[in-house]
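What follows is chain A paired twice: with chain B in the first complex and chain C in the second.
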Partner chain A sequence: MAAVTPILPGDTGEAPATAGPPGRAGRPARRRAWRGVVLIVAAVYFLVPMGASFWFTVHNERQGFSLSTYAEILTAQGFATSMLLSLALAATTIAVVLALTLPAMLAVRLGAPRLGPVLEVLCTLPLVVPPITFVTGISTVLRWGPEYLATTPFWATLIAIQNETFPVVLVMAYVVLGLPFVYRSLDAGLRAIDVRTLVEAARNLGASWPHVMFRVIVPNLRPAIASASFLTLALVLGEYTVAALLGYQTFPVWIVTISGANGRLSVAVSILSLLITWLLLLVLSGAGTKRKDSR
Partner chain B sequence: MMVTLAGNTGGAGNTGGSGNAGGSGNAGDPGEPGHAAAADGGRPRARGRRARSGSWPAAVPLLAFTALAFGIPAVALVLGAFTVRDPQTRLSSFSAANLTESLQGAYLSTLLSSVQLSAVVALLGALLGTFLAQAVVTARFRALRETVLTASGVLANFGGVPLAFTWVATLGNSGVLTQALGLDAYGWSLYTFWGLALVYLYFSIPLMVLVMVPALDGLKAQWREAASNNGATAWQYWRHVGVPVLAPSLLGGTVLLFGGAFAAYATAKAMVGSTIPLVTLQIADALTGDVLIGHENIALALSLDMIVVAVLVMAVYLPLQRRSGRWLR
Partner chain C sequence: MKTSGVEFRGLRRVFGSTVALDGLDLAVEPGELMALLGPSGCGKTTALRCVAGFEHPDAGAVLIDGKDITRLPANRRDAGMVFQSYSLFPNLNARDNVAFGLRVRKVPAARRHARAAELLELVGLPEHGGRYPHELSGGQQQRVALARALALEPRVLLLDEPLSALDAKVRVTLREEIRRLQLDLGITTIFVTHDQEEALSIADRVAVLRAGRLEQVGPPAEVYDRPATPFVAEFVGAMNHIPGRLSGDEVTVLGGFLPVDGPIPQGPEVDVLVRPEAVVVTPLAVPGASAAERSPSAAGDRALVVASSFRGSSARLRIRLGDLELLADVPGHDAVRLAPGTPVTVDLVHRPVLVAPSTRPTAVTTPGTSSPDGADAAGATPKTPAATPGSAAPESAAPGSRPGSPDGAGTAGATTEASGAAVRRDAR
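Up next, the complex of A and B:
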């Protein structure tokens, strides 16, 4: 009773979906029912919290339906400063992590293949180590300051990177936490182009290294760089553990701070930040598909 | 986000084998004249010295940065975990007392409770995620597949604080559903072990879907047809063909979910405060000074315990990831 699907190379994606010609009416009917149940249960589980929390923010017993909670966000105490701090941290982190990772990965492709495995392990480690243990290590180092370094020039540096208005120490932590995502994105991008040929062609035609970098490599890697940047942005905008335990008021920390006084507002901000992340990642996956189509 | 990991690894293998070292100058050195590359281009003879001197300096900033920002805290953590300070003399000494203490009594029970929660989330998430993935893979409508995959990509990254508040608004003490259905009358509380598991599944199931969809796509229709032509039932097909081929992805995905749930702090903190003993919450408490004098380094010892568990778990994952490529090409 089984149909035979012709073997087509590269046709793995659609095979299970198209393998059901009308002749197999008996089993698919039963399987469809099973599939329907799974999909409905999943839809309920994933959609109800979103709907319910939106309802939570717009409805209350006395006033009925109102969007005033969302209007409150913009004027809420601390919203602007924490959001600006998070955005500034994100921008700096993206710049630093790209400036560090891209040259290193190009070097691996161009002339130091032995560094490849080292880089890969290095960029996977932050995934293995839970963020909370990372922040424990950081705060231990920061506490060394008063004990061992008070008389050395490092002391001033240690104070400077903990500046309340722009904590450099957070940028450093976020660069480390972002490494795995940036590495994977760039690796996928570099795999799709022939770096060596591009670089050699450009160099043979007399291009300088900055020219090769910014006019040849970067334009070819634009989708990969965009995806690395988006993932880092999402990471920094949502990161709570490190910022909270080092005592900085970033955006997620602020959400938790206001939740005590104004639960409705904190839920509204949560929904908004979810929407922002959602949008970012949709743009990102859109960029990814476009790249695939054009190939 | 971890899903990017599920792709294959180690692509940078043998770029050096092309025999052309002409362009292998220092990527960070703008001063190298262009004609050098042109002169050496395509000559295998020129390869030896230049390839070795190569372009590695461009990787130095990254290596130096990770040594500074990741290496130093890691060393500090390990050293601190083995250091005990006497409260009277304020002298530090090397000892395993912190680690011993972190594996006893209340500290041990938080560690175990974290492991338990992560295991429950990982197993349930893997099971439900695989079923959802199979439902999506066999679905007729391409739009459904695209929607679920995109949504999974977003939800797998939807951890942290917003997730906690979304669930508090839904099923918390004054949550919409709790009120509407009168759940508190039945003794419902979100701030329990199972409540937390329910919330963690919200980002774990989508992650499993993202891991399993490519694997399930790799199950060739011909295998199923061959099995069925030879008289195998659906159960026999899954028992002897499907599950063995999927095993590395299944295990790998389960391990990823375990790691994600084990490391989660923000969600638990925003949701339950400290009512459920979890090792991440315990570390945070200890770090912010909620410990006896002389036991400050217990946070470091607990962190080291966590890292050991995470490394053990990853040690299972990485070889599996390599193996899973064998059939699913």
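Up next, the complex of A and C:
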């Protein structure tokens, strides 16, 4: 607060000199000051814990300042594999969830608008199911499998989706968990464009359905698709309950595992993962706003 | 450019409980601009969408060049469409929008761009190729949309109220340009609109639709001057219904005689259909001044101006004459002399008029009954008009009407026959 107070008299003092009545000219300055206050409060709220975490990882009573914790990360047992697993899971989940929801939402919008609320409820449902209930259900299903089915492809499938190196079952779980976010993002994007007219215009100009999808709908939904992807990415990179209870070493699970042995390292990894997530956000939002130049 | 005819054969489309198209039969000649005119919900857009392939009729067929295309998917119809709402692809600039269809057909980039430039030139936007839709005004967007629809040299051009989102001035210039382009290219065009002025001003023929059926089709002047049904009379321009009395092929109306045009219904009590511009209004304050321009309706009738709406070049007056209310169009510069409250005399321009069987219960068939607004129907004085223009269709106001049909058939016993049944007429 102390940092803001000097701004106020300074700005209002100068305002009348430029033009207009002092009361009106003073208003933008006051508004700017309030913006500053809000920004600072928000920044304090977010940055102080991060700063404290960072300080914890680099400061040490015996050695003073040292970045050795960060150097440790790269060599830490399981870091690379868990990170790569989480990234691969995220990429697959994004691809699957988009391939499922986008055509479904388009079809409902164009062909059966009355099913819209049904789709919305279906996609929002995962929000109200606690993850613990969800994972209990999944593990129950995975454990089920009567002996007489042992020789059938059903069993083989159950086993295959639980493969340690790439657990498809996690992708399936994350697709369900990501549905509400993906639905919301795409819905907002579809609302912003006149889907029906664009589709009809493209069809009228001779475009096939795949052409309509990839040349008309997807380019105009870029921001929505980017935000859906980012939310899914953040979800997968941060999801702990399902992965831990099903016994997979994803990145968040690994962080929790090592935090018992090396507290400093786990905090450093958390900060790093935050930075990675931000970086990916920037990349994705860049892809979302980039306008494809005509050739 | 190739020209093709379009034909609707018994087209029927039902949405839930609404009948959008109820057996529409209509043929559009090659190279013709046909306007589909009607109130909202009359099925005109549905008919157009059936040609484009966005709507599939429940029964009937759409033919282009005599070939049934009813089952053809929309992307293989060869009909360019301009939509009511802005339909340009927001992610593409004007040039790429125009070239979209060519790109779909895998036309090489160089030829594509040349063609797009040519078309943008044609619609008067040669400098705007690099602009994105959000950088163009509404009128410019519709021009680009028109260029895009024409890029593939379609056999038919479909215009779905393309001007309705634009402001008045742009609307007029753009419609004239559409007409000019259409004539230059000689492309068969179907133009859907609810604006009768738009339809009358640019179409070769106007088809008036109502509740999914064709009411009348014909050249604009014919639809305006000789409406086939009361509905057309009301919808295309305003129409006064003035009670009159038939004697031979003349009709006595407002104390004068006028020759009758078209079919002559039976029974002496009739409605004389008069356009507002055929009503001559003279202020009483200047007696004798208008004697020369008066029609043989002689002395004229004393009346009172009750309302006036100024439209620049003209003004529309609402005039009360006894129980009767009339609409009259007078030149704009007369509007001041004819302000509301001015006593006036009303005459009719002396020219043949259309008559329709009376829409009021007559003194002969229903003695003593009151007309719809409660006025006394007995006696020889003019009765209350059944409907003023702009109100509901005459049939609904007074059951028992029967529009005159040009072939003169079915006029007997008109007042008791089928009320509300739309009589169709194909004027060709």
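Things worth noting here:
We adopt the following convention: the second predicted complex is superposed on the first by the 221 of 295 C-alpha atoms of A that agree within 3 Å, B and C clash if a C-alpha of one lies under 4 Å from a C-alpha of the other, contacts with A are read in each partner's own complex, and residues count from 1 in each chain.
As a convention for this text, contacts are C-beta pairs under 8 Å (C-beta built on N, C-alpha and C of every residue); 3 or more make two chains touch, one makes a residue touch a chain.
What you are looking at is a predicted structure, and each value in this text was computed from that prediction instead of being measured.
By the touch criterion stated above, A:P219 is placed in contact with chain C alone, chain B being left untouched.
Applying the stated contact rule after C-alpha superposition, one finds that A:G206 touches each of chain B and chain C. Contacts of A:E72 after superposition: neither chain B nor chain C is touched.
Set against each other, chain B and chain C differ in how many residues of chain A they touch, and the higher count belongs to B. Of the two partner chains placed around the shared chain by superposition, chain C is the only one that A:I193 touches, whereas chain B remains out of contact.
When the two complexes are overlaid on their common chain A, residue A:S266 makes contact with chain B while staying clear of chain C. The interface of chain A with chain B overlaps its interface with chain C at residues 200, 203-208. Residues of chain A touching chain B in their complex: 1-5, 7, 12-13, 15-17, 19-20, 31, 34-35, 38-39, 42, 45-46, 48-50, 52-53, 55-57, 99-101, 103-113, 115-120, 122, 124-141, 144, 172-173, 175-176, 179-181, 184-185, 187-188, 190-191, 195-196, 199-200, 203-210, 213, 231, 234-235, 238-241, 244-245, 252, 255-256, 259, 263, 266-267, 269-271, 273-274, 277-278, 281-282, 285.
Contact residues on chain A toward chain C in their complex (touch as defined above): 193-194, 197-198, 200-208, 211, 216, 219-220, 222, 291-292, 294-295. Taken in their complex, chain C has these residues touching chain A: 52-54, 73-77, 79-81, 83, 85-93, 95-96, 100-101, 104-105, 109, 145, 148-149, 151-152. Across the interface of their complex, chain A is touched by residues 1-2, 4-5, 7, 9-16, 18, 20-32, 34-35, 37-38, 41, 50-51, 54-59, 61-63, 65-66, 68-70, 72-74, 76-77, 80, 128, 131-132, 134-140, 142, 144-145, 150-151, 153-155, 157-163, 165-171, 174-177, 201-202, 205, 216-222, 224-225, 228-229, 259, 262-263, 265-266, 269-270, 280, 283-284, 287-288, 299-300, 303-304, 306-307, 310-311, 314 of chain B.
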